[in-house]
Every structure is written in structure tokens, then in C-alpha cells.
Amino acid sequence: FTRPERRGLAFENTFGGATSFLRRRYTKDLSGVDLVVTGVPFDQAVTNRPGTRFGPRAIREASTLQPFDPPYGWGFSPLDEFDIVDYGDLAFDYADVAAFPDRLTDHVRTILQAGPGTIALGGDHYVTFPILRAYAERFGPLSLIHFDAHSDTWPDDDMSRIDHGTMFYKAIKLGLIDPARSVQIGIRTHNDDFMGMNVIDARSVHEEGAAEVARRIRRIVGDHPCYLTFDIDCLDPAFAPGTGTPVWGGLASWQAAAILRDIAGVRLVGGDVVEVSPAYDTTGATAIAGAHVAHELICLYLWMRRST
Amino acid sequence: FTRPERRGLAFENTFGGATSFLRRRYTKDLSGVDLVVTGVPFDQAVTNRPGTRFGPRAIREASTLQPFDPPYGWGFSPLDEFDIVDYGDLAFDYADVAAFPDRLTDHVRTILQAGPGTIALGGDHYVTFPILRAYAERFGPLSLIHFDAHSDTWPDDDMSRIDHGTMFYKAIKLGLIDPARSVQIGIRTHNDDFMGMNVIDARSVHEEGAAEVARRIRRIVGDHPCYLTFDIDCLDPAFAPGTGTPVWGGLASWQAAAILRDIAGVRLVGGDVVEVSPAYDTTGATAIAGAHVAHELICLYLWMRRST
Amino acid sequence: FTRPERRGLAFENTFGGATSFLRRRYTKDLSGVDLVVTGVPFDQAVTNRPGTRFGPRAIREASTLQPFDPPYGWGFSPLDEFDIVDYGDLAFDYADVAAFPDRLTDHVRTILQAGPGTIALGGDHYVTFPILRAYAERFGPLSLIHFDAHSDTWPDDDMSRIDHGTMFYKAIKLGLIDPARSVQIGIRTHNDDFMGMNVIDARSVHEEGAAEVARRIRRIVGDHPCYLTFDIDCLDPAFAPGTGTPVWGGLASWQAAAILRDIAGVRLVGGDVVEVSPAYDTTGATAIAGAHVAHELICLYLWMRRST
Amino acid sequence: FTRPERRGLAFENTFGGATSFLRRRYTKDLSGVDLVVTGVPFDQAVTNRPGTRFGPRAIREASTLQPFDPPYGWGFSPLDEFDIVDYGDLAFDYADVAAFPDRLTDHVRTILQAGPGTIALGGDHYVTFPILRAYAERFGPLSLIHFDAHSDTWPDDDMSRIDHGTMFYKAIKLGLIDPARSVQIGIRTHNDDFMGMNVIDARSVHEEGAAEVARRIRRIVGDHPCYLTFDIDCLDPAFAPGTGTPVWGGLASWQAAAILRDIAGVRLVGGDVVEVSPAYDTTGATAIAGAHVAHELICLYLWMRRST
Amino acid sequence: FTRPERRGLAFENTFGGATSFLRRRYTKDLSGVDLVVTGVPFDQAVTNRPGTRFGPRAIREASTLQPFDPPYGWGFSPLDEFDIVDYGDLAFDYADVAAFPDRLTDHVRTILQAGPGTIALGGDHYVTFPILRAYAERFGPLSLIHFDAHSDTWPDDDMSRIDHGTMFYKAIKLGLIDPARSVQIGIRTHNDDFMGMNVIDARSVHEEGAAEVARRIRRIVGDHPCYLTFDIDCLDPAFAPGTGTPVWGGLASWQAAAILRDIAGVRLVGGDVVEVSPAYDTTGATAIAGAHVAHELICLYLWMRRST
Amino acid sequence: FTRPERRGLAFENTFGGATSFLRRRYTKDLSGVDLVVTGVPFDQAVTNRPGTRFGPRAIREASTLQPFDPPYGWGFSPLDEFDIVDYGDLAFDYADVAAFPDRLTDHVRTILQAGPGTIALGGDHYVTFPILRAYAERFGPLSLIHFDAHSDTWPDDDMSRIDHGTMFYKAIKLGLIDPARSVQIGIRTHNDDFMGMNVIDARSVHEEGAAEVARRIRRIVGDHPCYLTFDIDCLDPAFAPGTGTPVWGGLASWQAAAILRDIAGVRLVGGDVVEVSPAYDTTGATAIAGAHVAHELICLYLWMRRST
């Protein structure tokens, strides 16, 4: 945490040292920074089990196993080539839930205005909504690549309700995302109306395979600016027990990994991984998956910006 | 628990309220009832780890996440179209094990005589034996669709032994099931004699895929009255750690889900899900799987009875 | 759950059956009822770890071990002599936190107007505030017997903040409780201002013993109408790991048990046990303690009403 | 396991090697043996949570930390001075529960006839009943020193019921123990009739202290041949979470340790430690306690036989 | 442990008895022995989480479920046809790490000189290095079949460092293994140099299937003497959470099982299963997998020696 | 982590933000610093269960609950009055254990030369030995206040062995500590020779009470420079399950808290808390206790330096 270099790795044991994400510098200084990782420890919008406020901490700890080598299969080294920082967590008043959404939109807006994109570590899935507001201000309606067991488009016209199951209904109603250029992967709960988003349900992933799913995603998204949100419950409970609303029949880790690798080339402007709930993550696999997803998001974000 | 309506859903939070299965009415009154869910908290017949007596409680709790929407991929809504009740658990004397089998046969006979079929929540796998006795009284020798890592046909001619590994040997000897029209799925332990049942072992499922396995099951069972028993250990320990005799190499959740969906059309007269052992279910995935299986069994039972 | 008798016990195995508190009738019908147990699965006001929304469910399950015999050391049998019911849980909108307090005050007011007092199962400690509003409407400023590691009187003049650490500051400011006739037991965190309440800190309990502490409480409370709120974190983390803000040096279970027994004779009008957080209750001891506390509260409530 | 010496200790790491109790020889050869440790992995008599069949295994594993030094505070070294063996576990048919009691009585009778006494590792508390039958055959009615939260004297005149809550009622009715010379320590559940046994309830232990309790026990037992049975649930759930029927307000480990040390001098003929249930022993403290109790029982047994 | 027969099975309950591997005789006497299982509880060479010193104990306990029937799908019965023994664990000085490698090489050399091969239960992966030294002394440079998420060929020319991530770099440098005839399966971490070994990475296994992978392995290895080392972290964290350096995207249990079965015919001279870390094995699936792998290794070893 | 102030507290949620100890600045700059907290994640010297390398991380996380208010019962506010920093963890080569002791002595020497004392977070108990070497260089032979279940003076004249059970034997032999002015509290394992240290065993603490024990300690230590080492296993497994060599009969948290408070006035020059092993800390109570102990050590260190 005290090293002067912006890239590469200082010597710490895997099990020691301050647990910033991938051992990046902890800083609020964004000058020259390429990409920001930030935590959003909010979990007050949930239907069932809370606990994702500890998601950022667990994902960071799990990430300490990963920075020693470049990510497998990508052929470049983001930590050596780019200046990625850990911006810390949003601090907010847990006793005034209604004030939270604007706090988070401001937080992200500030970062985006300084230049870098954000990879957010949730928190429950509601956090994607205030983040998307900041992104849509800058980029207009976005393509959404949405991994989830749930569509999160259950109808809810009360915009003041803070609910992790209805925010994409609202985002579409408010024009933050363009449903025709968006896609949901891993769905396996019924909803009468997916609000115009493309759906690749879990069984399709199991039957078509990751490579074909990646091709379909790239076809839908094209080169539109896109935001990728990864609800960890798109994985099966065997791979991600640590989450609030688990549903059987989900994706395997290797399917998610291959899809994320194979969509390289999309024009990613930001992303998040949400719904990691450490108190239920008895195997640790959920935090590991969360850290891998965030690492892959970093690769996706920097892929188009790398010096080949 | 106090609502007057027999169908649909009253407002309770997922995390609150009395935990009847899928929030159905808790009642012993069977008039007008289409289907009964009942728990059998018996676990005194086990080779290795006990604990399935808490299976019914855990499965019910896990089911509270599921009633909000119709089951995915079925295209009808059992909870809205039918009167399904939670009949509670069989109460019995744990200190007089020998008396248990008749208690359970009586319990099921009483329900069947009132009209509805039963979906039983185990308990260890022995409970299927007394249940089958009641069913065979009514339907004659049944087709058995048997998901399991184990054949449970180890030879045992002492009919008074109460053992969760030998009851299908006895059921076949006693003519309760018709082995030629029965099928075991997920087997991965050796037995010299499968007693004439068809076997689709675990490796076959992995190599042939769920859709093909479902076709084979339907071909074997035809339109004979069938009973489906789902030993949760047919799933791999990654998907169902909470069980007494886990064996590696088992089914994935998505395979089980697809098979259960694709055999829709069989003439199901009853079913059970057994061997869910909460004390070992560290991820919670086992109870989730158990609740999904029971939910799918409800769909299968009602599929042929639905108004298309 | 279907037995006609209002008192006594129907036959269910400890490990089977519907898990109402102490196997009482689940009902919303309050005619003739002496005392009501109700759950408040709210946990959105917490500083640190959430999860107490599952407190009521865990406490009820733990209670199934207790109804077979009268409570030890009391010399009467509340379940046989009185009509105690389980009123179920408050249902509320988790996505509209600001609306919660009035929902809960209404809930309790409705019960009190029907006659019986309430024993509430939390939920986080904030729930005591809306409950006290309903009680103070009926009884005027109450004596509070408050077991806790924390005073929960941190200053907060924003009455709309919903915080589990400031509600007794507000309750005193609003005249719901009379601090001079109130007492806090088990305190071991610093606060500049205890707002006039009497304090018996944790070390005092260890040094003076339970019997003396009970005498001091009775002297402070006298025969004023009193409400007893038991934050489970007054116990040491060894005895109650399943809570959100654990502090070492707390009470032993036997001290709490003896104090609760020895204050018999106070004029209890209601009570609650809060901050039981099952996801962290790895030993199960916290839910057990919660169920014992609620059982003792029932005894205390009925003690003055019993036919000696 | 292959060393020739009968006493002392061979070199194995704490974490390695075969896990016989205190690293004693695993053998069925009783010639020259002073004391036998044997496991009884039976748990089919329980009211609530099963799992004590894994008690012997867990207690043995926990014991590997203890043989390096003589037991603290005793002033002699049992492992060096005596030939103590691990006789292994009773093997029995779990599917024929009714046959179990005679199997166990035979097992113990065989050992007693060869000369040494037994320290049994349970198993649920029912196992003490068949053991007492073998002991009473040899010694006549015994003094029972009974540590427990429960009296286990609930009335049950059906001698064929195999229940861990009624066997001392039966033992007294059958004359296996002499209640007037027997004592129960740690009781904290109500029972209308303790059948004439002396009772030192849990609160008495907390208020009088271990030394005084030990004096009372010695006074009651005198120099009558006595059998000590230690139900681990006499300890508080904080100290022994891994058990089937936990009750708050129990003994602390240090109280049990001091009482067991201070009653040295009683004429112990055998003993057991029961109700250790590893699946619920999340802290490991229960198995540790079980191993310490068994070690102290060895000390007590050999104390009168040591060469001072 | 006292039975005279060298083959077959004595009667013990799954949950009872001494936990030697597959209930084999615990002995140091190697006369007439076909194959030796031995534990190496060493874990002081690890990058991240320690704890594999308890691997041998956990694998042995998990193995008690397996000896009742011949291994599924092999068509012969190793336990009946061969004399397999449990040789116990290597004992060593944990406080003198530098002395460990030679201790282990001596241990294995002693066994090999007596005739039988060894199946070692780790311990961390470093233990394979001293074992390979003993094997290379006897067989010359070996083919290595290496299942792992990591190549363990990170460069390290300090031969005195005892590190579980660099030992195959050293083994190749020292000529213990022949990289061109060796193969790594399951790799999913980057390394600039695999030192000439063939690599079948995890994604290849998922895309090509187990049968094809087995064919590739057999082609590479041919009929050269080969040693198989199975780092349990080649499995996905869903299937093997109990390990020190988990990486997502790994193999499923059924893939490992099928590959191990399908390579039958290789000329196996020894093998090990390592990196099973019970403290993190919350589901138990890791120990189960470890026991299955060791059982399959026994089958592979004896396959070419069986009387068809 | 970016705030300019050296004292007081910046706004972070308990559950968010970088987890430095008590939210102190993470820095290697020691100018003007009063006291340093540093982690030593070393666990390669242990007899039984490893895992304390994660102790520093867990203690820091547990400490986030504590900085909001001054420590209870001390009457001053160390975080406001002094400049306390978190110096991070010692980084070292886990694969070269022999090099570790000198690395740690250098680490501490560097800090002491800059002025402040150190509070170290272990790691296993061996770490105290290299630390004491640095302290003795500066202060000469120290008084040791040693909380532990074990004396850690088992004889071992091989100074190169790195063992957590023999280092005080060596420290006394080397003159690093003065046994006559040193004291061990909580001992409950036998050792033939305590090397001249005063011993207040666990039973004495239970019988004499904390206040008397504190008096005895102060009498022994006087105003000699003293170092306090707190092996968390001095607490009973109920209060500290997360440790490697637990022994029943230990101290309660409240006894340790009271003793630490009551010895205020000793001339503390440094201290540590060791043997916190998070993988076994299933209740979290061990890390909580560790954080409290470290906090109390800060208070003790600054007590004599405070402006009254």
C-alpha cells in the first residue's frame, strides 16, 4: 500500500498485507488512472437473505490469489500495462435508505467525470440502477449484458421503492438501457414480461455451449457501448452458494468464464459483480467467482484499449 | 396460514411467516384437495450419516423462495389452478422403530382413500417402502422412476430389517413394483443384481444428455401408473452435499431439472424426495434442490390433469 | 396446528410438525387469548451485520425442544394454565423502509386493543421503538428493563433515521420511557450520556452475581408497568455468537437465566427478544437462548396473573 | 499402532497417525490390561437431533492433543503407569434396533469378565442402560454419578422402548442403580419425579462452586461402587454445542473439570461420556470436552489403584 | 484392525471402527503386500491456506463409505483379489522443515525396496517431489500424469526452497521426469514456461470431453512407467472447496472419474492425491473426491496385474 | 485510508472501507508515531492445526466494530489522543522457514529504533521469540506477562528448531526474559519445569477472581519494563475456538478483560496477541477477542503516557 509504482506488483504474501483488489493502490487520486474498482456495500433492497454488504470485502480477499500471473487465456497483462486503482467503498448512511441512490449516482458520476470507467463490487443488485443513471448521463441508453437467474424486470411503477428485483423494469422505462440491444443470460425464473430484452435462459446455455452463447451476445450487442452486470446467482448454487436468492439449474463456473472470455471485443464502458453474500458463502467459491468475474471485466474493459 | 383462499398466494415476506410448503394451507381437511404434500421425518434406517429427519423442515423453508412465480418453463400455474395442501408431518414413536412402517403405510393409505395423491418429503429412503405398499394396494405393481446413486436393491430377505439400502429388493420380491417397467437414473455404485430394473447410470447421463435420458425413461415407463422417487444423492456432492451417503460423479442440478421437465406426460400417481440431510447441507443447495424437485413433482402430477 | 385445544400439547416429534412458538396455535383470532407471541422479521436498521430477519424463524425452531415440560424452577405451567398463541409475523414492504415503523406500531396496537400483551421476536433492536410507541399510548411512560451490550442511546435528533443504536435516545426524548425507573444490564461499550437510565454494566454482573443484580432491578422498577427488551448481544459471544454487533466480556447464559427468574413479581406488560441473527449462529446457542428468553418472558408476564 | 510397548507414547505427530484414544494400542487382546476404552456408535434412541454415532470418532481425534503430558493437576501419569487399550467400537446392525441392547450388554460383559473396567464413548445416552445391566450383574446396584441437563427418568413402563430420556427410570425400577446413593448434577429441565436420586441442579453449581459440589457428591456416594455417566449436555451450549438436546444455563467446562478432579477417591468401576454429536459441534469444543472427560475418568478409575 | 484375513472386509459399521484407508490392515509389515497406502501429513510449503496435514485423516474417513462394493465400472474387485495395506503416516519434525524432504524420500524408498508401489495421501503438493526422487532412483525418468489447476513449474533454482509451486520445475531440471512423455490436465493459471510438458487445459477438458482427453493422455504416456499425481484443485471449487489455492473453471467430478477410468492400461508405478484441506472442506466433497481418486489409483495400479 | 488527520476517525461504515486495525492510517512512515500495530502472518511452527497466518486479517476485520467509541472503562481516548498507525504485515518467504526469525527480529528492531513500541498480531506463538530478541536488545531482560494454556517452556536445546512450544525455554536460557519477574496466567497443561516463572493456573483464576489475579501480576512485575504476550488459547474453547491447540477449562472473556484493565500501571513496552486461527473460528469470537486484547494492549501501553 505504500509502493510508488502504479503498475506491477509489490511483494506481499498471498495471506498477508492490505487487501485492496488485486493488490492495486488504494487511492482517491484519479489522475492518470485507466480504470477504477470501487465497492458498494449496500444490501437493504433484498427480498430474501441480506448480507451482500460484505461482498466487496470478500471479493477483495479472494482476489489476493490472482495478481501473481496475468489472467489465463487473455495474452496480455492488464496489471502491468495499465494503471488500475482501488477507490475504496462508498460510505453512506445505512439508517437513511432513501438517500442512498443519489449518493451512489454521485459517486460514480464523479469517477466517470475524471476519466476512468468503473468496475463496481456489490452489494445487492439494486446498486446497478444508480450506477446506470450515471452511465446513461454520459453514454445515453446502453446495451446491457445481464447475467442473472432472474430478469429483475418485475413491474413496479413506484420509483421510490428500492428493490433488487424491479430495477431493470425502471431502467427501461426511464430509457437508461436499450432493451433490443440488451441480453439476459442464465434466466431460470418465470416473468410474464421481459420488457423487450433478449433472453438466453440457463437451459440454453447448457444445451448450446458457451462459445455459441458468446456469439449470440456479440451479435445482439454489436459495437454499441455496453455495461455488463453480473448477478452471481446466475451461477448454480453449487458454484455460488453465497447469495440471497439461489435457484437451481444455473451456470457452471466454466461456462461463465468462457462466455466472458469469448465476448472480448464488445465496447465495454463499465461493469459490476453483485449479490455475493459472504455469510452464506460456506465454500468460498462465491467470492472466488466474484473476484474472477471482476478480473475478467477488467480484461474486457482494457482489451480494446491495449497495445496489441 | 389464516387466509381463506385455497389457491394463489397471500402476502408474506420470503423470510417471514409460517413455512408450509410453497405457502400452501396447513390442513388435515382433504375435501376438494387435488394434491397433498406431507413430511416423513424418519431417519433411523441409515448406513452412515443420520439427520434426514430434519429434511421436511429444510425443504419447506427453501420452498419459500419459489411460490411468487409459476415454475419456469412449464407454461401453467399449479398454485393458481389447483388446491394443493400441506398436510404436515407424520408423527410417530422414535423409540419404537419396528412400529414405524405400518404407521406410515396407514398415513398414506388414509390420504389416498380421500382422493389426492401424495408428494412426500423425506426422511431417509426407507420411507418409500411403506409408501409403496399403500400405493400398490390401490394401483397394483407400479412403474418406479428412481433417481439415486445407489440401486437400493442389495439382497435382504429379512423383511423386518428397516434399512435404506435394501427396500427395492423387497418391493420387487413383494410385487409392489414392476421392474421391467421401472428405471434407475444416476447409479454409480456396484451391485451384482439390479433385480431386473432398467439402469441409466450417471456416466450415461453425462454422455447422452438430459433430453435423451428423458426419452429413454418415457419409453420404459410408457403410460403405466408410475411413482417417482428422488434420492437427492443422485446429484453430485457439489450440488447436494447434505445427504448421508454421498458419491462423486453424480448428476448436475441442470440435468435433473431438464429430465424432470422433459418426462412430462408420464402418468404420475405420487412421488417423494428423500435423503435431504440439513446438518450436512452446508451450502443450502441440497434443500433448494429438494424443494425444486418437490415443486417439479407437483407439476408432473398435475400436468395431465391441467386444463390446457 | 389443527388441534382444537387451546392449552396443553398435541403429539408431534421435536423434529417434526409446524414450528409455531412452543407449539402454540397459529392464529389471528385473539378472543380469549391471554398472551400473544409475534415475529418482527426486520433487520434494515443495522450498523454492522444484517440477518436478524431470520430471527423469528430460528427462535421458533429452537423452541420445539421446550414445551414438553413446564419451565424449570417456576413452579407453574404456563402452557397448561393459559391461552398463548403464535400470531405469526408482521408482513411489510422491505423496499419501503420508511413505512415500516408505522406498520409495526399499528400491528402491536391492534393486539393490545384486543386485550393480550405481546412477546415480540426480532428482528433488530430498532423494532422495540415502534412497539414502545404502541405501549406508551396505552400505559404512559414505561419502566424499561433493558439487557444489552450497548446503551442504544447515541444522540440522534433526526427522528426519521431508522437506526438500531439510537432509538432509546429518541424514546426518552419522546417520553415513551421513564429513564429514572429504567435500567440497562450488561453494558460494556462507552457512551457519553446514558440519558438518565440506571446502568448495571457487565462487569458488575460478573462481580455482584445474578441474585444481587435482580434485587437492584426490582428496586429500580418497583411496581411500575414495565417493558423488558432483551438484546441477545448482552450475552457474551461464546453464548450468543449469532448477532450483529458482538462485544466480548458479556453475560453468561446462567446469569441471564437467574436474573430473569429472580425478577418475577415485576409488573410486566410486554417484552421482546431481539438481534438473534441465525446466519452467524454457528453453534445454535443464540437461537436456543432467544427461545429460552421468550419462554421466561411468558413466565414473567403470567406470573402475576397465575392462580397460585 | 505397531509399537510393542504397552505404556508410554510412540512418536506420531498430533495431526498424523491412527487415531486410537490417547494413542493407546488398538487391540481386542485383554490379557494384562488395566482399563479398556470402547466406542458405542449408537444414536437411534433420540428425541431430537441424531448424530452421536460419530461421537467416538470425534472424541478419539480430539484426544490426540492430550497424551504428550500427564493430565494437569493429578500428580501421576496413567499412560505410563498402566496398560490402557482402545478396544475399538461395538459393531451392530443399525437396521435391527431392537437387537442392539443385548449386543451391547454382551460386549461389556465380555470385557468385565476379562478383568478391566470400561470407559465407553457414546453414542446417545441410552447406551448407559445396557452397560449398567452388565455392571449390575457384577457389582449389584450401583451408585450413579450422573452429569446431565436432564434427569432421564421420565416414566416409561414399556421396557422395549429404546429411548434416551427414560432409561434411568427403568434402571431404578430394575434395581440396577441405588437412587439414594446416586446423584444428578447439572439438571435444568423439569421432571415431576426424580425417582429418589439426589439432585444438584445447574444453578446450585453456579452458586455453590465446584469444590462444594464435589464434597456433596462424595458425601452421597461414599465408598459404594459407583458408575459415572457424563451426558455432555450438562455443559452449557457455549461449551458443548455439539449435542442433541441442548439447554441453556449449563455448566462451564472449568466447573466440570474441577468437580471431576475433586471427587478423586470415589470407588469408580466404570464410566462413559455420551451425547457428543460432531455434526453440530461447530466449534470442536464438544469433542475436546468429551476427550477431557474420558481422560479424567481414566484418572479417576486408576487413582485408587495407583502406586502412590 | 484385528482380523486375520488380508483381503475382503470385516464387519464394521460405516460410522464405526478404526479408519484405515478402505478398512485395510494397518501394518508396517510389507511381506506379501501388493500395494501400500501411506499418508504424508505435511503442509508447510504453501503459498496461501495451510491445512492439508489433516488430508490423510479426512480421506481415510471418507473412504469408509466405499469398501462394501467393488469400484463401479471396473469389473474386478481389488480388495478381494489383492493384499493392500495402510502403512500409516510418515512421522516427522514439524519444527525442522528443511529435514523433511529426505525423511520422505527415505520413507518411500523403504517401501519400494520391499516390493509394493505406493499411493500417497497428501499433504500439500510439494510432497510429490521427494516421492519422485525415490521413484526415479528405481525407474529412471518417469512419465508424469499431472492433474492440477497450476503447472507448478514456476522457475526456482534454489533447490533448498520447499515450495508447492515450483517442484516440477526442479523435477524436470533434475531429470526425475521426462516432460515430453508427461501431461498436465486441468491447467487454468498462466505460466510463461511449462518446461516442455504437454498441457490439456481445463477449457479443453470441458470442450473435448473426458473420453477424448483420456485418449490424448494415453497417446502421450504410451507404455512408459508413469506416476500419477492428482492435485485436488484441478477440480472446480464447487467440487473441491477444501484446498489451499482454488481457481474457478475447473473440472467436474464426473470428468475426473471418467478420465481416470478410461486411462486404464497405462503402466502406473505409483501415485498420490494431494492438497485436500479439511478445514476448508465445508461440504465434505473434497475428502470424498480424494478418497475416490485414491481408490481409482489403486484400480489403475492393479489393473495390469489382475488375473483377467 | 486517504484522510490527512492522524487521530480520530474518518467516516466509513463498519462493514465497508479498508480494514486497517481500528481504522488507523496504513503507513510505513513512523515520524511522530506513538505506537505501531503490525501483523506477523507466520504459522509454520505449530504442533497441531495451522492457520494463524490469517490471524492478522481476521483481527483487523473484527476491530472495525470498535473505533467508534473510546474503550469501555478506561476513561481516556487513545485514538483521539495519540498517533497510532497500522504498519501492515511482515512479508517473508514461506518456503524458507529458517530465514524467518531474523527477518522478524529485523522488522521489529527497525520500528523500535524509530521510537514507537509495537503491538504485534500473530501468527503462531513462535513469533514472540524473534520479537523478544529485538526488545531485549533495547531493554535488557524483560518481565513477561504471559497468558496461555501452555507454558511453552518444553525443553529444546536445538536453537534452530522453530517450534511454538519451546521458545520461552530458549528465551530464558538466552536471557531475554527474567523468569522471577515474569508470570504465566491460565496454564492448564502439565510441564515438569516452568523454568522459574511464576504460574497462576486457570483454576486459580476461576477461584480467586480477576481482581486478585491482577494484583498478583502487578506485584510480580512491579515497575520493571514488561512485555505482554497473549496466547488466545488461554481462553476456554467456548470463548476462543479458533486456535490450534485448544484445552478445556480456560479463562472466560470477562476474566481476561478485567485482568487486562486492572493491571493498568505496569510499564508496558510492547505486546502481542497470537494463535488466532480464523479457519477454526466458527463463532467469530476468537477474532473479536483478539481485537479486544490488542485494543486493551494499546490502552495499557498509552496509559502511563497519557495526559491525565
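Order of writing sets the labels: A, B, C, D, E and F. Residues in every chain begin at 1.
Rule of thumb we're sticking to: a contact is a pair of C-beta atoms (placed from the backbone, for glycine too) under 8 Å apart; a residue touches a chain by one contact, two chains touch by 3 or more.
Since the structure is predicted, the reported quantities are computational estimates derived from the model, not experimental observations.
A.B. asks: What are the chains that chain A and chain E both touch?
C.D. replies: For chain A paired with chain E, the chains in contact with each are B, F, in label order.
A.B. asks: Check every other chain and keep only those touching both chain E and chain F; list them.
C.D. replies: Correct list: A, D.
A.B. asks: Given that chain B and chain E are copies and touch, would you call their interface same or different according to whether over half of its residue numbers are shared?
C.D. replies: Different-residue interface.
A.B. asks: Go ahead and note the Å separation of the Cα centroids belonging to chain A and chain C.
C.D. replies: So the centre of chain A lies 40 Å away from the centre of chain C.
A.B. asks: Report the inter-chain centroid distance for chain C and chain F in whole angstrom, where each centroid is the mean of the CA atoms.
C.D. replies: Each chain's C-alpha centroid was found; their separation is 38 Å.
A.B. asks: Quick one: chain A and chain D, Cα centre-to-centre, how many Å?
C.D. replies: From the centre of chain A to the centre of chain D is 55 Å.
A.B. asks: Hey, what residues on chain A touch two or more of the other chains?
C.D. replies: Each of 13, 15, 47, 49, 53-54, 94, 236, 238, 252, 280, 282-283 in chain A touches at least two other chains.
A.B. asks: Chain touch graph shape: choose line, ring, star, complete or other and state it.
C.D. replies: Its topology fits none of the listed shapes; call it other.
A.B. asks: Return all touching chain pairs.
C.D. replies: Pairs flagged as touching, ordered by label: A-B, A-C, A-E, A-F, B-C, B-D, B-E, C-D, C-F, D-E, D-F, E-F.
A.B. asks: What residues on chain B touch chain A, complex-wise?
C.D. replies: Touching chain A from chain B are residues 13-15, 64-65, 69-73, 209, 211, 236, 238-239, 252-254, 257-258, 282-285, 288-289, 292.
A.B. asks: Inside the complex, what are the residues of chain B that reach chain D?
C.D. replies: Checking each residue of chain B against chain D gives 43-47, 49-51, 53-54, 93-98, 158, 160-163, 166, 279-280.
A.B. asks: Going by the contact rule set out above, which residues of chain B touch chain E in the complex?
C.D. replies: These residues of chain B touch chain E: 47-49, 187-191, 201-203, 206-207, 236-238, 241, 245-250, 252, 280, 282-283.
A.B. asks: Would you mind writing out the residues of chain B in touch with chain C in their complex?
C.D. replies: 1-2, 11-13, 15-20, 26-28, 39, 41, 53-54, 56-57, 61, 88-92, 94
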